[in-house]
Structure formats: structure tokens, C-alpha cells
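Pasting a structure here, questions to come.
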């Protein structure tokens, strides 16, 4: 699972930060301290942490993920990260 | 065909993911398990998969595609991928 | 002319694709099969091709252009390409 | 803390520039001459400088931060920077 | 001053292109043939050229600036450039 997305709504200075979808690696989600939730009206689950995105990126850097690209779509900021697999 | 685009609407945690246009390589589309459809009112075809974009990126990484850039346009998130040809 | 822009409106699966402005290299425009047009009400010309942007990127790759960045602005998707000059 | 964000509202030619959140490194914030403020109605703090973003990037370059990606979200421009840790 | 921004409004095929703020290097602004103006109602100055952004990037390439990232924010397209300092 070399690719990972994190995203946050509206403001980048605070959380929560969305760190995963229902197929995300549970070990990785546990490392970030994420909890799995299903938002009202959604038919899929997500993983969230309370940390702002900058702290999440710093944690992910320690296990090898690097930011490839960042973008805004609507009110959401998204980061695309990649980890080299050998 | 060194370049490839994938895109998704509104949410990045779930599919479907658009993985090709009518000129896309059928072997590549078959590898991703994509089906060809023509949306009502469109005069061109597209290829879709049910996987969320993260899983598609992970599959594409295995055959040499890397994310170059990601952007949002309207309600759509787009990834531009590139594969080194020798 | 190491930099080049291509852009498309609304959908990335089909053309036309805008590939140049009035100062673009005619040899490069000819290689892409582009035609020069002046849109009604504009005081500047543009070059278009009917190909979708993915096919244009594949053609440009063959002569040394690489995608540096991609972005959406309004309803338009823009790719910024660069070619190493020696 | 290898990652850092800076952001500015509407115009990129002038400040203020937002350079940190409440967990930002105080030594780094002091190097930039940033002041900590809590905006009316927010339950979190931010760090600001009066410099335009270009001058902030030049200062951050001197201590090893490089721009990884830049994006617009709503009326805000955001830069994501990274510093190699050894 | 390793970082530089250029931006253009609405269309990427023609100028004017904004190339600097009031703290920009006068030698660099002179190289680009830019003129300093203060827009009505603004309390800061800007530098403009009549060239479209592609020609500005080509000129900046000649003196060592490379595009790091490009983004759209509102109706504006922005390029972030960087020059290696030794």
C-alpha cells in the first residue's frame, strides 16, 4: 500500500484529519491513533484523528511516507503521499 | 502510452474511479478490471472501476506508474500518472 | 522554448485540447497537428487539436516534454510541461 | 518537524502570511518573527507575520525548507514545505 | 531571493503577467522589462509585463528559475518558481 491520502476541511491549522478509508491498513491506522467512523448517510467508513494535518505528515514521514502533491477541492485540502516499497 | 489519468467525484474515500477514455490501452484497462461505459448525453466513452482511487494507484504502482500531480477541478479530483518508457 | 501549456475544458476524457498561444513554435504546433484559431471576441489567437489531453501528453513525451504540474482553475484543467534544453 | 505550511488570503503580493498553528516549534516561529494570535470565534491559535509569502519562503530556504507543493483552496493560497532530517 | 511567483488572470494564452511585489529584486524586474504599478485601492505595488506567462517562464529559465508548482485560486493562475543558490 504505497499510496496514502490525508484530508482536512476548511482550515489547515487544526484537526480533525481524515487519514483513511475502509480498506486502509489497520496497522497503519493504529500507528496514527485513528478511529473508524461511518458518517450519517454514508455507505462507507473513514478513519479520523484529532491531530492537525501537519502533525500527521510528521508522523507519516517517520515511517517513510513523503508528500507527492497537495490540492484543494471545494472546501477540502488533500495531500497525496507515497512510500517507496523495495 | 506513458501518461494516465484517474479521477473521482466529490469524495476520495470511495469509488467509482474513472480510469480511462475511449483511446485507453485495453490491456491496461483489463488489468484494472475496468468496464467501458457511455454516459447518457456524452458522445465519448469512459472506463470505470468500483475501487476507490487509492487502491487504483496501488495497482498502477505495481506496473510502473507514478503520481506526478494531483488537482481538484470543480467537484472532481484528478491524478496525473507517468510511467518511464525505455 | 522549454515551457509549454496544454489545457482542456470541463472533461478530461475528450478534446479539444488547447496547445498553444500566438507566440508558440510553428514547428511544434505542426508536429501536434494543431490549427490556429481566434475565438469570437478575443484579441489573441490559440492553437487547438481534437485529441484529448492524454494523447497530447504522450506525443509531447516523445520529443522530450515532461509534466511539471497540473491544476484546475474554474472549469479548465491546465498542464505545465518542461523540456530540458542542453 | 519536517513539514511546514504557510498560507495567505486572496492576494500573493502582500502579507500577512500565516506561518504556524498552536503546535508549531516556538524557535522556528521566533526565527520568522511571528506573533501568536487567536482569531475571534476560533478555539485554536495561529502564528502570523506581516511579510508576504515570497519573503517567508526565502527565509525558510535559508534553514533548509523547500516547497513541495502549492495549492489554492477557496480564497486561500497554501504552500507545503519539507525539510530533510538526517 | 531564490523564490519567485508569477500570476495571470483568467486566460493563460495572453498577458499581462504579474511578476513581482514591492520587495522584488529591481535587477530581476528590469531583466523582465517589468513596470511597477499601484492598482487603485491597493496599498501595495506590483510589477507587470505584457508577455503571456509562457514567455516569462522561458525568460526566467535562462537565468536559472524552475517551476516548482502551479495552481489556480479563484480566477488566477499562479506559478511558484525556485532558483538554486550556491
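Each chain carries a letter (A, B, C, D and E) given by its place in the written order, and its residues are counted from 1.
Definition applied: contacts are C-beta pairs under 8 Å (C-beta built on N, C-alpha and C of every residue); 3 or more make two chains touch, one makes a residue touch a chain.
These are the chains along with the protein names UniProt gives them: A, B, C, D, E = GTP cyclohydrolase 1 feedback regulatory protein.
Computed from a prediction, not measured in an experiment: that's the story for all the values here.
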item	value
Fitting subunit A to subunit D on CA atoms, where both chains share a sequence, rotation angle to nearest 5 degrees	70
Fraction-based call for subunit E against subunit C, same above half, different below	different
Distance from subunit C to subunit B - Cα centre to Cα centre, in angstrom	21
Geometric centre distance via CA averages, subunit D-subunit B, whole Å	34
For subunit E, residues contacting two or more additional chains	68-73, 76
Interfacial residue positions of subunit C with respect to subunit B in the complex	10, 12-14, 52-55, 57-58, 61, 66-73, 75-77, 79
Residue ranges of subunit A in contact with subunit B within the complex	1-5, 7, 18, 20-23, 43-44, 46, 68-74, 76, 78, 80, 82, 85
